[in-house]
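Comments concern the structure below.
For reference, chains read A, B, C, D, E and F in written order, and residue numbers begin at 1 within each chain.
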Amino acid sequence: MTDILRADGRTNDQLRPVTIERGWSAQAEGSALISFGRTKVLCTASFTNGVPRWMAGKGKGWVTAEYSMLPRSTNSRMDRESVRGKIGGRTHEISRLIGRSLRAVVDMKALGENTIVIDCDVLQADGGTRTAAITGAYVALADALEWGRTKKFIGQKAQPLIDSLSAVSVGIIDGEPMLDLEYTEDVRAETDMNVVVTGRGLFVEVQGTAEGAPFDRRELDSLLDLALAGAVNLTEFQKIALENRA
Amino acid sequence: MTDILRADGRTNDQLRPVTIERGWSAQAEGSALISFGRTKVLCTASFTNGVPRWMAGKGKGWVTAEYSMLPRSTNSRMDRESVRGKIGGRTHEISRLIGRSLRAVVDMKALGENTIVIDCDVLQADGGTRTAAITGAYVALADALEWGRTKKFIGQKAQPLIDSLSAVSVGIIDGEPMLDLEYTEDVRAETDMNVVVTGRGLFVEVQGTAEGAPFDRRELDSLLDLALAGAVNLTEFQKIALENRA
Amino acid sequence: MTDILRADGRTNDQLRPVTIERGWSAQAEGSALISFGRTKVLCTASFTNGVPRWMAGKGKGWVTAEYSMLPRSTNSRMDRESVRGKIGGRTHEISRLIGRSLRAVVDMKALGENTIVIDCDVLQADGGTRTAAITGAYVALADALEWGRTKKFIGQKAQPLIDSLSAVSVGIIDGEPMLDLEYTEDVRAETDMNVVVTGRGLFVEVQGTAEGAPFDRRELDSLLDLALAGAVNLTEFQKIALENRA
Amino acid sequence: MTDILRADGRTNDQLRPVTIERGWSAQAEGSALISFGRTKVLCTASFTNGVPRWMAGKGKGWVTAEYSMLPRSTNSRMDRESVRGKIGGRTHEISRLIGRSLRAVVDMKALGENTIVIDCDVLQADGGTRTAAITGAYVALADALEWGRTKKFIGQKAQPLIDSLSAVSVGIIDGEPMLDLEYTEDVRAETDMNVVVTGRGLFVEVQGTAEGAPFDRRELDSLLDLALAGAVNLTEFQKIALENRA
Amino acid sequence: MTDILRADGRTNDQLRPVTIERGWSAQAEGSALISFGRTKVLCTASFTNGVPRWMAGKGKGWVTAEYSMLPRSTNSRMDRESVRGKIGGRTHEISRLIGRSLRAVVDMKALGENTIVIDCDVLQADGGTRTAAITGAYVALADALEWGRTKKFIGQKAQPLIDSLSAVSVGIIDGEPMLDLEYTEDVRAETDMNVVVTGRGLFVEVQGTAEGAPFDRRELDSLLDLALAGAVNLTEFQKIALENRA
Amino acid sequence: MTDILRADGRTNDQLRPVTIERGWSAQAEGSALISFGRTKVLCTASFTNGVPRWMAGKGKGWVTAEYSMLPRSTNSRMDRESVRGKIGGRTHEISRLIGRSLRAVVDMKALGENTIVIDCDVLQADGGTRTAAITGAYVALADALEWGRTKKFIGQKAQPLIDSLSAVSVGIIDGEPMLDLEYTEDVRAETDMNVVVTGRGLFVEVQGTAEGAPFDRRELDSLLDLALAGAVNLTEFQKIALENRA
């Protein structure tokens, strides 16, 4: 495996620099400004006591997410979805992915009748925005849950967080599997995969797409190997960020 | 592996009855009414000479898809997206999946500056609508390409179809991997995966989701095994449907 | 009156072949796939116990309808109304016509506080889609009412159906009044009229439009004669379709 | 036939007081503020040289119409369609009726490549808004055509107006056919019909609807008789309004 | 100060002819058709007993406003906002301005739990539509409040109207401050200001905008002088219109 | 004048701490992350060579702006305007204000046929978001213009920037005029004014609103005094931020 392909000098199995500014927002119940290289996503978690009417009375909570990109988070300016009057398919798809992934590590019974809305707003995009969003959203979520416990909306013994959660992209470029693609790599990838993994190393989502040529079982396996290894590192960053919690 | 779990008496690795009524529409350039058990999807392919303005002059074609469900294709009536004035996230997501998957088996250069729009309208839904849609859409697409050749919009020697394409769902229910879930099974599945495979057995899309508990590598592998075997059968149904082509 | 004008060899006062597949849908409380020649409309009736809030407490039911065309039901593909984000005037107009017509043969007191939504989705269009829709919708409605009686949402002695209902188009082409226009005839018609008639031969709707030259009283009369005669035949087809009801 | 039914003392075959303020707008190329009793509609005709792109190069013009009600033109305030973000079915239907009716009396070849948009805004509604709109729109249209001739957008010898046009409502109340229903009558009518008639007494639109019981041929005939007689009077009012034209 | 600049011969500190037709609408609880020269705005006030749910139980009322222009109120026809499916920024801005201004002269406690919606529909536009709208809206509001008192929705001793309210535009053209700009003047103005003033001469809104060159303190002062003087006259017109109130 | 009123200990004529992180975005042609106390706004300027079609060929450029708030920039989460499918009146109003203000200091001839879109996204809101946005937008704009010059889209001698621009809020609380209101102050203010001022001290916008009681001329004057003094300070911060420009 030659590693000379990557613009920024990384090896194929190396993440970009990761930073997590926990508690970036003075207002949200949980928040994190996460960066994967130049990709920056502001994740906030809004905790509300109560659930939507259609869920009430079941003793269970709800977690949902919304993803969006600032119009000039990209190289050329995109129109705002609010101005166009509708949300695009990609935005919908990623919002659903983030919400579904987070719900996989939350015990809704333990959460009780509370709602958490996670907003992931991409301030700067350079590939991997959805994986950075999920990784940062977990930190915001953990703090919002802690806030709910402090405010007694969540029982003192309840354990709503089943596991931690991170996500990373992998892809095949010129036949080489690579971890955590930046935008210029993403564009060149023949196969592109986003993998959401729990802290214990179990899969929550595996989404692999042949952008160029279809891929075989062996390639799929090597991508999963890379992703699982990358997720171990991301979990470490999350632990450090959350370390000084009460 | 006990097979007594399935309501309709199928074994875990068995597809539901598949029928493909090729040429169902008197008007579309290609069409198929496909059924996977009670799931019925009408797939039409509309061929237009020319491409959208932003693609013109590159000598390449374009294939796209739209998926929709009739309001009473389901057990209880859903509101129409046209009445609500916006397309939901799930619809967007599946439309994008179908289009992306089909593009993976089309050589856009060989297609030339022509556009094919595939419409997949679910007339009756009982699980697996997106996989039935992709499997039927391939048949409609193949006929539309043939129509384009007959009309000389596509060169006589051009081979726009690189491979055939089918899709199938797999899932884990009570710990057992199962093929081609019907609705009641889908609801119970802990893990749910849609796999899009070419006739040569390569992956185009792998979308696995933990609906209940996260899944491990061994479970993932057994699901992929089931899906690949199911795809071989679907490819056979497609061949038969397309057999009497000129 | 020479009858050699019609492309398919029909006489001026002849319907196209009519088929009604009652119970096409495995899920709806009533359904019919109706065809007038190449025009095919899937009609489903969804029965819900209860009425919208603004109608509650009056002891009366509600019947409404929605009409839509699949994007490739026509010769060239139309954009979906869900994608355009709004419903066009023609769709609105026909939905309202169908709902209003059906309500004319339903005794809302006898229906009780129940709601029936009729969906008429045009799978293939070759003229007369609204008249086929009304004729098929009546069959779906009749079955949904029977279902409601079986489920005891409607009293055993209540007679919510006042009369049967069918609809047919008539028009003047080259000065000749003709029954049940197909698309190519519709385009050429100087005057175009849709007539909704009860089984007893009374008018529910008469909608005549001068597409070319205005029409006089004598022409109007001859069109009404044709329509009433055609409706007698349609009523017969409905009776046969509904014959084997419990 | 007893005539004591009507609240305002009219006989069954009598119109409400009609006034037409021609040229009400200082800006439009043609305009009329028409009243049928308390119903008041402001009709403006906007003349543009040229046609929409899809019509260009055919030497033909285009006439279209939009109908709308002010939010407090009615007894209780309605939400604005602009605020709700979509146009309702009734508005669509009436806009289409007005446009279609006016086109029936315009020779598009004689109009040449010019577009006329008629806006009918209901300032006060008391039944018959669509018929008042059509009757007033004709006056605005006639003036806009004259303006086009003055400006030489229309040839000096061209005769774009084939005939004059008016419209009136008729209905059956307690078994009695009545002309020009005001709102309280409209609500009580068993059958309701709008008839659009040319100055020569030919039909352009006949739209009869059974609001209560279906109607028979004899009732239909008596309604048409009333409508034709009413249209003669409306044509007279239009002539007077347009009298002092150059 | 030379006064020869103005097209209609007015002096710089002179209003256009003002007319107020109080009670123009037969249906609204209060109404006025106001004209400032060729600018004509129909203002209606709709009184409803009760307040929106989020305000209930506080013993306070609510006043809001909507502004809109008819499509051909202007020199060239504008698209309807209902057809475009969204309300433009200017419309939003003016609706908010009118509502906010009126609320400044209403004592919400004295109004009690009642809602008044003011609709200001511009029938003809020649500059100053928002100031005419506010001035006319006050008259409609006053009558609606009186209606509410007559109907006992407002207490007999309650004084919901704190003060009267009028508005006027001022601007600088070729260095000259001028009152009540008509459209052609508005276009030429370097600075444009709308001032909303109570009958006692206090400011409710001051909105000054440099359309051309920024303006200095002295210019601002001279514009405010003109506006305050103009408002005194408008207050007089309102008093006359409201004079014969019970 | 007692200064003990303000929560953060400021005097009435004191700004909150101001920071400007110029060049925050790696992608935009100009950018600034500005903070007025806890209020944080990310301003990016997107430079495009060329103008919208309707402006082409006049040798003039265009500057426009869009303002938006992240859903959790506020104390309680707001729905996204993209999700609601429409932009609210307040957003429209502020976007228009920012664009109009910036255009007042740009010589469109000197800009040439180039377009600059300024996006102001509020990351955290604590009062004064629109004034912070304008103040930061000026810095982003200045850099984007410099970028355009470097890329030769703007002539080397052209001076598109006529003056600098800043904005500040002022208000009256308990009778005391105060500068730069934070959210809790804004809520209490009787009168609220936003003032946009050039570096030379001329007014571009003056928007004063009586939230509680109407205000008199003397109060207006004292607010303008405060605003002009505050703007001098803001101009100083802008100069420092832009100091190290080539």
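Note that in this section contacts are C-beta pairs under 8 Å (C-beta built on N, C-alpha and C of every residue); 3 or more make two chains touch, one makes a residue touch a chain.
These are the chains along with the protein names UniProt gives them: A, B, C, D, E, F = Ribonuclease PH.
It should be emphasised that the depicted structure is a prediction, and the values quoted were computed from it without experimental measurement.
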| item | value |
| --- | --- |
| Starting at chain B, fewest touch steps before arriving at chain F | 2 |
| Target chain D, source chain A, minimum contact steps | 3 |
| Gap in Å, rounded to a whole number, between the CA centres of chain F and chain D | 51 |
| Rounded Å distance, chain A centre to chain B centre (Cα mean) | 28 |
| Between chain B and chain C, centroid-to-centroid distance (C-alpha), Å | 33 |
| Multi-chain contact sites of chain C, meaning residues that touch two or more partners | 85-87 |
| Ordered ring members, chain C first, chain D second | C, D, E, F, A, B |
| Partner chain A, residues of chain F touching it in the complex | 25-28, 31, 38, 42, 44, 46, 48, 66, 68, 70-77, 80-83, 85-87, 91, 117, 119, 121, 123-124 |
| Chain C to chain D touching residues, read off their complex | 86-90, 92-93, 95-96, 100, 104, 163, 193, 198, 200, 202-210, 213-217, 220, 224 |
